[in-house]
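For reference, the structures are reproduced in the following blocks.
Next, two complexes with chain A in common: one pairs it with chain B, the other with chain C.
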Partner chain A sequence: MADGAVMLLQAAADSTRAYGEFPVIGARAFVWITAEVHLMFAAFVLGVPMFAVVTEAIGIFGGDERYDRLSKEFTRLLLVAYSATAIWGATLVFGLSTLYPRFWAYLTAIFAPSMWVYAGLFFVESFTLYLYYYGWDRWKKGRAKLGHWTLGILLNVWGTVVMFIANSWLTYMMSPPRDITPTTDPTTIKLWHAIANATWMPINVHRVVANVVFGGAIVGAYASYRFLAARTDEERAHYDWMGYVGNFIAMSALIVLPFAGYWLGREIYQYDQSMGITMMGGFMSWLWVIQAFLIAVLFLTGNYYLWIGMGRIPGAERFRPYTKWLLIILVLGAIVWGTPHTMIADSKELAAMGGSHHPLLGALGVMSAKNTAVNLMILTTFLSFLLYRRANTRPVVPWAGTGTMIQGAMFAIAAGIVLFYGIRGYFVEAIVRIGFSVYQVLAVLACIVCVTVIDILMARGAQSLGAIRWGKMPARSQYALFILAVTFTWLMGLMGFARSGIRQYWHVWQVMQDTSKYAATPALGYASKMISLCVLIFLCLVAFVFWLGGLAEKSTFVAPGAGDEGGGRGDRHVGH
Partner chain B sequence: MWVTNLKIVGVVLGTLALYTLIANEIPQVQSEVPQTLTLGTNVTPEQLVAAGEKVFNGIGGCTTCHGLGTRAPNLLTDETGTGPIGVRCGKREPGKSCKQYLFESLDNPTAYVVPGYQPIMPVMTKQLSPEQVWAVIAFLESQGGTVDVTASDIPSTTSTASSTGGGGGGGGGGLAGGSTDPKAIIQAAGCLACHKLEGQGQVIAPDLTHVGSRRTADSIRKKILDPTSSIAKGYEKLAGIMPKTFGAMMNAAQLEALVQYLAAHK
Partner chain C sequence: MNWRRYADHPFWQAAALLVAAYVVIVYVVPLFPGSALVPKSVVLQYMATVLVGVLIYVSDNEERWIRFREPIHAALVEPRLRPVRAGLLVAVPALVGLVAYGQVRTTVAAPPNLRSIHPAPPSEITFRGKTITLTGLDNPLRQHPESSAAYAADGKRIYYQNCLPCHGDHLDGQGHYAPGFNPIPANFQDNGTIAQLTESFVFWRVAKGGPGLPREGTPWNSAMPRWEDFLTEREIWSVILFLYDQTGWKPRTWETAGEAGKRKGDD
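Presenting the complex of A and B:
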């Protein structure tokens, strides 16, 4: 485009109103709240269908109807949650178009076609949901049931595509292609060029995994509420089991999440190192200390729930002495992970520390130590699952002893590799050190996969030491599930702030500057209040959704004994 | 059931309160938008000192070495019993006022190297705008001395120019007026105050003439943005001297231009 035309375009843009104002709380807070709550509901309506379709599949292929009913119970909640998602989404669009009209015009100039596809897919997704839910009892047997399950898969496909489209808009704001400058006419930008930006796919993958975690956590919280409110032992047993399944799915996906996050962080650095440094070593450096604290809470609470749960499993006593060692590793890992390294400090603080890094803790704040800590925490959590899974069984295959030794050796080798590269990382250049984390991750993943395969093979025909006493859980275990759900939700808000905040005073990084009075990126204190408010709004609305779900239909719990005898198939649920 | 409900509400609110409390207890750092620093004819000493403090603690990168008394003289509290810089600056060079001494120290740092320290300071007048330089001088004078910097000290040609006043980062304006000419960027950033390139500059830091044969473009980029990420062999003692602020001073296009220019120096 000719310079003159660009100038005319800029002049036209400048003459339009750039920003609106929202009473009392201000424009930024309004958009912040609507975007965050919309995102939380969106994660809910994307995470729960993943949960539903997996549990339905277990019900179909495992022959356990409880999973099918569990799946239906959650799909029912989706109907109201979809409406809430749409309402908050529409409010967000109104907010953006009235409070940030110039920025919104810029985005629509590039992404308009994808926005229409988004709206169309939302319709398709909604109707698929209606078919999925209302067809549940009609398509219950044989091939019809498989067709019904396919609807569930399609529901997830549409939802994921919708999320990918929305992700392209926000990742473009973070990492617009390098050839796009402030003078680039947005109407000349190719749609796919803008969509396929540097952070799009890492965010997609990260959010898919995070949604599974979130869905599992919310299911766990729902089950824990129903457990605490249960009037009969049977009902309590059902919701105890449901809470376990939710927690299992959440924690399993959580183990993968740091790897997805690492990939995203690496892409951010590769796209623009100054953005990466702002994120990890600049004004956001303290955010990662908070994140480490939250993840420590997740690991500790998730493991705590498992350890308490072993109290209701006959035969678990033999593993109990190990839990204190697992706890020690988790606590030490959390302390190392939470050690700050690079922070903004004034001259007095620098003088007090005796240098830019604390002499003692500076060594623990580097990525070598942190990667080592988090990988060992993941291995420890996996070991907790393994002990829980094996608690009430005794393998009878002739190679059981050898198999257990091989599993132990795999843990030792994985931990050794993690420690070796963690220590060696101190003696090599940063670029080499970054590569070491890949070896650490691969060692942990290989251990998890191989040990699980061996365990499944070893469990064939295993001798039962007794049925799990579902429902025999102390109330504090259920509050642990609530803490998990609140922490996951809060963490989602915090990471959203990090992702958005590293753009600082740019609507679109180094392309479109935020010139509003809210351009400065607030400190963590203010952000934490906003996050807590959003979490509270979301949880109140979710509680309302759950209550509505209870009004619409009675709970679908089934008493143990209906096809579930002690030590039989029924108490060998997911992960157990 | 009400008791259970209240307990659940308590757990939820307690968890939220705990996280909010912790996040409010840690150091609060807000990322400011780079402010336009216009020092008009009516600028007061207080305004100069405030602006100078921001530059000193922010974009100037001064705290990397000064203030600790290890890599460079302590300017803020005390240096071997002579007090803060505002007290001693007027006595450092006979016949030079505090203001003159400080300006020359920033403009030609190797002229007055304090015994016991190495000549590692870059030429700050190439890194900062005149307004920022004079604001820093006012701030340093205020450390135990009298501020006598006035608007008349700031060159009139730049009195209406704008510059970034610290904080923020990732700025879009960039050095050398946003020019993507690598030589202009090198000149404006003051790289040659420490490095040598094509026969020009100092040899305090590694010679950049053949840097492209030692480092890849990625490595050069990372080194500029995070100077402590890797230290050239033989220069370990100078680790941490190179300012970390270049990433914030250059825009993305400038950084890329500089990286490619240096990488081509095989």
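Presenting the complex of A and C:
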């Protein structure tokens, strides 16, 4: 616990220019915007290479060249996105060093060696990217292709290590080791001791998974943009397929993300309960209501995209009648998931309810109900994928009927376990109830794994009911992909604020106090506007990157002898 | 049957679903035993969710989507529907105006507040000059189970002498003075108050009252007094014991090393 005298000394030291000022918007807003937009681009340049290397591998080992072209198309976008990341990163560093010089000096006193490594790795990463992209056509066959793929893996490795290093700085600000106090001389703090703080690894894992989700969503948005701008059926088919792949990867990784977030939340609680309560039960709890809305939007939009997509799959008609029931579960789940425990109510309503908690609906605002709702929504989404996957095939294995029954039983059992523990949670004390969420999650994951295995076995030699008519999608399906990308980006900004804001008026939690005029934690309304502004800036710049991608492709297309460099119109992809 | 044609039409299905949802949320939910009216903020939230669901339903199938748009298109362009069009041109702006008026008109009611009902407690407090560490702290009176009935009886007496006027005879926040307060006194029977909290949290709130709330608890006008000025440490613990004993709730327990646990959401 910081002691008052030291705080006074810190405040006195501030008279020696501890803080700078930025015109018009102020120092905090400047650092906020640069940090957030930098982080969004960083997620872009970390998420998309993951996507690229996986799709390239599918192309190599699956023998489907479409994936290879897809992979290259995205790597082209990375070149511009890397520059943007570096520019915003440099702006952030200049902002920190000129506007928060005392704090920046403190961080560099501890982390300087890791900052040098960071810069070096960024250099190596950039050149790996250049080799990866510009060597694409040179190393496209045999062992050379495997070597090229290895470059893609290395690109991911460098990027991930760079991210881990940056994560150590920000997690140190949140959860410095307990033996570090306001009086500790930063030059005496061991580097690894500061890096391996309580929230470092949970943030690392959470961000890696989130980057996969983000990468998939950005790919989906790019594909939808190109789909809407397409002039030929071939282009539409190609970008329709690309949008599907992006959405599939984003939604698949999204299912894992809450568990990584849960671990991070646990670590925050264990590190400092007061910080945890501020985040989940205190003034930031309203952010989680907004988060609930946004996650409901993700689930509804992801499913909507799949259901519209069934319109282009021969044989999907037999599953169409079921989608309305899935929709009902999702809407009810969204209602439960978004019901606040403490409701916004005027004095009359408060008096009628007997408090801020509704006597009936308040039961939907607690953990048991939320966990039950979200697990059922995950199961429902998985079922949508399953129906979509099966739509144009008819299994021919003799045990197909039994297999389907077993799959149905697995869904029923998983849903039963989720409901049982959800209801039981109301009758046990908190410490027991918390453990129930693990059983619910395990039931859902077990169902997903087992049903998928059965489905893969059952699909062997399945009779085809016709090829998917890629490109035969209405425009509104593509707007669904846009919504997914915007929602993911918004969620990233929102949750980033929650993570960073729980430090309240500390630069480094209970070690270094923020004594600037911006020390107060911003009000949620102001924060929401700032986050929205960051999202808008990022999306405008991403739209520019997308447009550049198309521009480069066109020039390649018209240049004589350019072949199918760029993988766009030269790629006469027609789907399958 | 003409009505059958409407019942099968996606546009009228959507309209009927929205009306039905509104009726259920606003009129049916409060009819359940023990229920109450649903706050406008929640009605809006539920209706927005239902609207999204309805829009997904009418547009996730091309044929249904085309049929859904037919009446809208007809109302906008068909000559025979000119009266309907004129009616809509008046009704829609009037409705928007009415809603806008409802939002901005002056009322005597205090505006709703986004308050932190359970702000984060400090890790330690000073009680009449003595430092008490809240983290990991349980009710010390529970260390003497043989005397718990006597402590609860003490707590009951203290509650009725001091807390009754606001928190009420039934511990439900419906004391005589309760209608005069905003925020209204805590309802201990509700599963969202003491049932969700450790006893050390309750001790902190009783001891420090409204004036001792942290900054994140604002805007806050709680009339809860700072009870450390009137009650001893032991008296406060006795009252807390009584609250749990009387309501039947169990206090939230502390997580021991290696045991899973964290509070989530507004839980």
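Everything that follows uses one rule, which is that the second predicted complex is superposed on the first by the 524 of 576 C-alpha atoms of A that agree within 3 Å, B and C clash if a C-alpha of one lies under 4 Å from a C-alpha of the other, contacts with A are read in each partner's own complex, and residues count from 1 in each chain.
Operating definition for what follows: a contact is a pair of C-beta atoms (placed from the backbone, for glycine too) under 8 Å apart; a residue touches a chain by one contact, two chains touch by 3 or more.
All of these numbers come straight from a predicted model, not from anything done at the bench.
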Quiz item: Clash or fit: what happens to chain B and chain C when chain A is overlaid?
Solution: clash
Quiz item: Touch check for A:479: first (chain B), second (chain C), both, or neither?
Solution: first
Exercise. Tell me which partner A:314 touches in the superposition: chain B (first), chain C (second), both or neither.
Key: neither
Quiz prompt | Which of chain B and chain C A:527 touches, first, second, both or neither | solution = first
Quiz prompt | Partner chain(s) touched by A:539 [first = chain B, second = chain C, both, neither] | solution = first
Practice problem: Return first, second, both or neither, reflecting whether A:283 touches chain B, chain C, both chains, or no partner chain. | Solution: both
Quiz item: When the two structures are overlaid on chain A, which partner does A:229 contact: first (chain B), second (chain C), both, or neither?
Solution: first
Self-check item: First (chain B), second (chain C), both or neither touched by A:275
Solution: both
Exercise. Examine A:62 and indicate which partner it touches, taking first as chain B and second as chain C; both and neither are also allowed.
Key: neither
Quiz item: Hey, is it chain B or chain C that touches more of chain A?
Solution: C
Self-check item: Superposition clash, chain B against chain C - the stretch among 8-16, 134-142 or 188-196 that is involved
Solution: 188-196
Quiz item: Of the residues on chain A, which ones does chain B touch that chain C also touches?
Solution: 272-275, 277-278, 281-283, 286, 289, 293, 343-344, 346-347, 350-351, 354-356, 429-431, 504, 521, 524
Quiz item: Which chain C residues qualify as touching chain A in the complex?
Solution: 29, 32, 34-42, 45-46, 49-50, 52-53, 56-57, 59-62, 65, 109-124, 135, 172-174, 179, 182-184, 186-187, 190-193, 196, 216-217, 250, 252-253, 255, 259-267
Quiz prompt | Interface residues, chain B side, partner chain A - complex | solution = 1, 4, 7-8, 11-13, 15-17, 19-20, 22-24, 26-34, 57, 63-64, 66-68, 70, 76-77, 168-170, 172, 218-219, 221-222, 225-226, 229-230, 240, 247-248, 251-253, 255-256
Self-check item: chain B-facing residues of chain A, complex
Solution: 178, 181-182, 225, 228-229, 272-275, 277-278, 281-283, 286, 289-290, 293-294, 343-344, 346-347, 350-351, 354-356, 429-431, 479, 482-483, 486-487, 490, 501, 504-506, 509-510, 513-514, 519-525, 527-529, 531-532, 535-536, 539
Quiz item: Can you list the chain A residues touching chain C in their complex?
Solution: 1, 265-266, 269-270, 272-278, 280-283, 285-286, 288-289, 293, 296-297, 300, 303-304, 307-308, 311, 320, 323-324, 327-328, 330-331, 334-335, 338-363, 365-367, 370, 426, 429-431, 434-435, 437-438, 474, 476, 504, 521, 524
